[in-house]
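Below are two complexes that have chain A in common, paired first with chain B and then with chain C.
Up next, the complex of A and B:
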């Protein structure tokens, strides 16, 4: 049994490697069509993401929201509830933290920071509870509801920062700056890397332990595997799904908290350029494996950071990496099918060879 | 205030905003009938909107824009079909992947083709023709409601009838439904369910391509990032609400179009735009809740009757 699992795992690694390779190859193709040198492009991408302390810091700064939203999505997916609403949960979590930071300006950081994080997590979890209860109690499709709620949350926080909580420093769609004791210090000069990466590491460790080492994590997996067969039919374990969704929403909410406390020091409308969608992509690519999520987040963070240098060196728009990222998931999702085609092709070839030998 | 809200313009807006939903939903219900849940409609609409602009701008005709959007729709429908039907990949993941791919690709191409970020508009983008039905012009309120719309508004109603006739009145339509419900039986009858599923997938791409080109060439002539604004998912909700029946889905799409238009009208009477824009999304959730709750009540009632 264990051997079988090992084989599956190594086969998956090969597929993952091939998928990434093929996607990067398509990137080469696009660069060549545009008349750019792909070697120059990709080497700029690598040096741009890992070439200096500043670049490495920027890469890791980008991984913080990706890891949190990735883990959040994964825990819900594992339980068989498809939380596509991470973006909305992130927005509400971020605003909740900003609210604490601009309201309770006299609290010492020892109390204030945990309070802000908790508020963000609760806001995200509460927002995740709505689609969860609609799914579990009324069988309303959670994919559609979470997507709809994303837009609602972005609009709602947009209203808050433009009207009741708008900053007095001109019309910028943002809250006031949070009190100083809430602001995480930056680790590397000029980069956005800040102490939230330590919080992220601690949270990731807890979630890893929860998902892989506890009976709760095991039951979650079972719930998900059972319900996969009846995605639109019955639900086996309602409580598991709700708990998973609460944790998921909480993690996405915290991703918003750290954007506010660590990066911007205020809540802005459009605070996230789609972190939760990237996180979801990551979770899907690594099939909800927590360690995989961390590694893939670093890879995605590097792609995002390096793409700017790639643009400067070759003139190819940095958005090319968005195309590459989404092609990886297409290949991974087609993995089993591609494998079958390959096996059939080999089978056919070997049988043809046999026929040939017999004829000779 | 009520008079300002519920004016003729509200009905006119409803018809206009429902059109992309109707078109996309017609495509989506075909795949739904063939047993495929298509989450990727959102991305298909977005690609249609983008390539509609590309075709119209470079070839100098709105028809060419629509043609290119449809062509891309066929292509993406084939890709979706290949992954879901032949590779048997998870349709949820493929749908999400297509949405993210479409988002990334359009942003990338927006910059590499037009050299702009965010949005592209130009007088060089030729809009779709506006149509007026002559005999309605004499009756003032019918003229306001039904005339001077973009061509897809009228086409979408014709398509509803066509899709309805196809599904329920032709053998091919029966096969398509059977490919979702009883693929084995269809196979035994000598008809390939795979082929029917592919047809549905490509048709969905075509309809979404048209929906997209209506968005970017119909009333406004421009493309903006993420222009589809979750219409693919609202269309999906319309399909669920209408139980994949073209007529009922049309009604659902009109309902969602109405809420969209109502939101726009609320802005006129002074409600902050953020709240008015929420209306169609909240209405979608509410509609889904109502329809599933009603189904549950019905099945509960049925169970009680059986017990008796």
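Up next, the complex of A and C:
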């Protein structure tokens, strides 16, 4: 984003804030139509997400998978690949970590934890490699392949946790609990916030550096903007796309790892409520800016956390938050259109004024 | 002549951030051909779109036959018998000629159906009246560009226009079609009482065709001349705003050394057809070797092969005694070949990136622009961009501006600045001044000759014969993937070279391809 000129940058921020504001207004409208008091509703949402240490902790706990999948989407996007397969990569990454955690129960944490993280990253990356190679070699559209592979991964891990790796503690579609040394400690009592947030911060820093500061990041960006230009300039654009997809898959895989090691301590069927899709939306909203992804993830995390308290306190369904998220996207997508409408309106105003002066 | 048919008084048009027309006054006489010239972005098209009712002026007045008018849409302009033929044709490809001509005011059968017979009759009558032959039953998609333009003109005439505005009408025409168009326009004016306004930036055409010429620059009207009193030099100066030095490129004698050798290469195009059938050439230091040919005869593919962007089927490419076969574009760049591509937006630039990012391309791993091997040194990168912006006179407020916001000429200067700054032994330059305005053309030509004088070996491919003749020391003609002739500067005329470019010299050649033929 810092590459944009000052004017474009401030225009973008204005339209972003207007979009968020407008979608919150539409939220008001929906509440009023349903006979709810929007002030009560929104204050419940805010208290629910930031009102207490526990609530803040829960909000931040939610940001971990959002940031990782958001960065994953963004880095692939930079290279011109639309990775919609983060969800599948997350599932496989999570399962791989759980597998390490229930198999190598004797390893010390200094070795076991990095091994589990690595295994999850490799699983996610390998799963991202399939659509990447199909795109680069055979020009198969990655949007379609990644979406389909999501379903494959969800069903495959579903099979694994119900049959070969099913827990013996009741029928619940989950693996056994991972060995104790793999379990990240919780930071705030009762909340799911755990030490994985530090890992996330470190990873985000590395990805930011990679995307914004390095020659590699430059080559990635040029490949995504104009692959013919990249090739002409001596960049191996195909390699860039594959590497971007490997990193992307690795990041989404790690999002799964931290769900297992930090939150659930086992792999569950349907472990993700669509984190990767939310991450993708976040990346789209902030136009793949790494810092923007972190901030927007906190906002999304707050909406998610607060919506449940809101539903409990006021009876306003938590799905309202989904509506608000979707409307932000619509506004951002329509950004160019709105700008045009505004410009035309201004032009019309000024020409009307001129005509008015002439007639007077 | 003499009656003012159109008067524009103090017309200004403000777009957000740009004053496209600044207090313009213009008079058009009845029955004249009036040329309006200016560089890209001078405001010609804005002015004409205002006259055609597409824009409303911010201030100023329009008079037709002495009466003040106000156009809110092209319909108002058409009511006052003003018609416009746009640069990009607005025809429906799947309709016949007749259907296109009557489009919008179709003759009806039972109020519901188009009366096709009537449409054909209308077209035939128009065709006869104006001496513009077209086949009413032919589908537009099967028709050449020159004839499509004729249909556009007929369409406008059918709507009753007495004043025709032609926007860059020759941009898409071959020299032959251009001459046909000119005789059509002459006939409309001399024998049928029409008035024609023609927008162009080709000076020779202005001098050949028009009665009067008005010059615009940066949104202002610089002046109107009788064409008889004008010449290319005067007009160019008025357009650019300073003296333009044509044909003053100083060539120094430089020692020649053979650097690039191309031996009997063959290559396929994107459809898999053999487009380069057999090309051999050599390139020496301190010379500009021009490749003249009609587009699509293998020039683009030749450049791609030389720069590693297309694979070779046969033959060899040798630079300084090293074969470059199977080298990647990166290796070829390192072997001292820089490349100004023919299509700057498709290949030469990323329009969504800033000027300095575009200038970085090719040096992103250069030690001079990195810290600790992998991190970019933005300070040094921007410093270099700033230096090049200054040296190459790139008009921009800063190096952070996105390429997409620059004019065509300035974009091209960015490409040239980057490629020339590598200081390679070999420069491959394709269409260096396509879509670039006169001031920038002059500058780019000077830069190319300066490189030559410094000892670079330059391969120049251009569809513009004037450019080839102005810059080259040696000229090769290319036709259907073969070299059909080789000439020294000054040994051949443009007319003669046309024969070699169209393969019509074949009998004279006797099949001896690649032989030296001196005019």
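Throughout what follows, the second predicted complex is superposed on the first by the 346 of 360 C-alpha atoms of A that agree within 3 Å, B and C clash if a C-alpha of one lies under 4 Å from a C-alpha of the other, contacts with A are read in each partner's own complex, and residues count from 1 in each chain.
Keep this in mind: a residue touches a chain if its C-beta (ideal position, glycine included) is under 8 Å from a C-beta of that chain, and two chains touch if they have at least 3 such contacts.
Small disclaimer: the values here were computed from a predicted structure and weren't measured.
Of the two partner chains, neither chain B nor chain C is touched by A:52.
After overlaying the two complexes on the shared chain, residue contacts for A:10 are found with neither chain B nor chain C.
Touch criterion not met for A:169: it reaches neither chain B nor chain C.
Of the two partner chains, chain C is the only one touched by A:222; chain B is not.
Touching more residues of chain A than its counterpart among chain B and chain C is B.
In the superposition on chain A, A:319 contacts chain B only, with no contact to chain C. On chain A, the surface touched by chain B in one complex and the surface touched by chain C in the other have no residue in common. Interface of chain B with chain A (complex): residues 39, 83, 86-90, 92-94, 96-97, 100-101, 103-105, 107-108, 111-112, 229-230, 233-234, 236-237, 240, 272, 274-275, 277-278, 281-282, 284-285, 288-289, 292-293, 296. Across the complex, chain B is touched by residues 34, 82, 84, 134, 138-141, 143-145, 147-152, 155-156, 158-159, 162-163, 274, 277, 280-281, 284, 316-317, 319-320, 322-323, 325-327, 329-330, 333-338, 340-341 of chain A. The touching residues of chain C, when paired with chain A in their complex, are 14, 16, 56, 58-59, 307, 309, 328-330, 333, 339, 341, 346-354, 357, 360-362, 364-365, 370, 374-376, 400-402.
Those residues of chain A whose C-beta lies close enough to touch chain C in the complex are 3-5, 8, 209, 213-216, 218-219, 221-222, 225-226, 228-229, 231-236, 343, 346-347, 350-351, 354.
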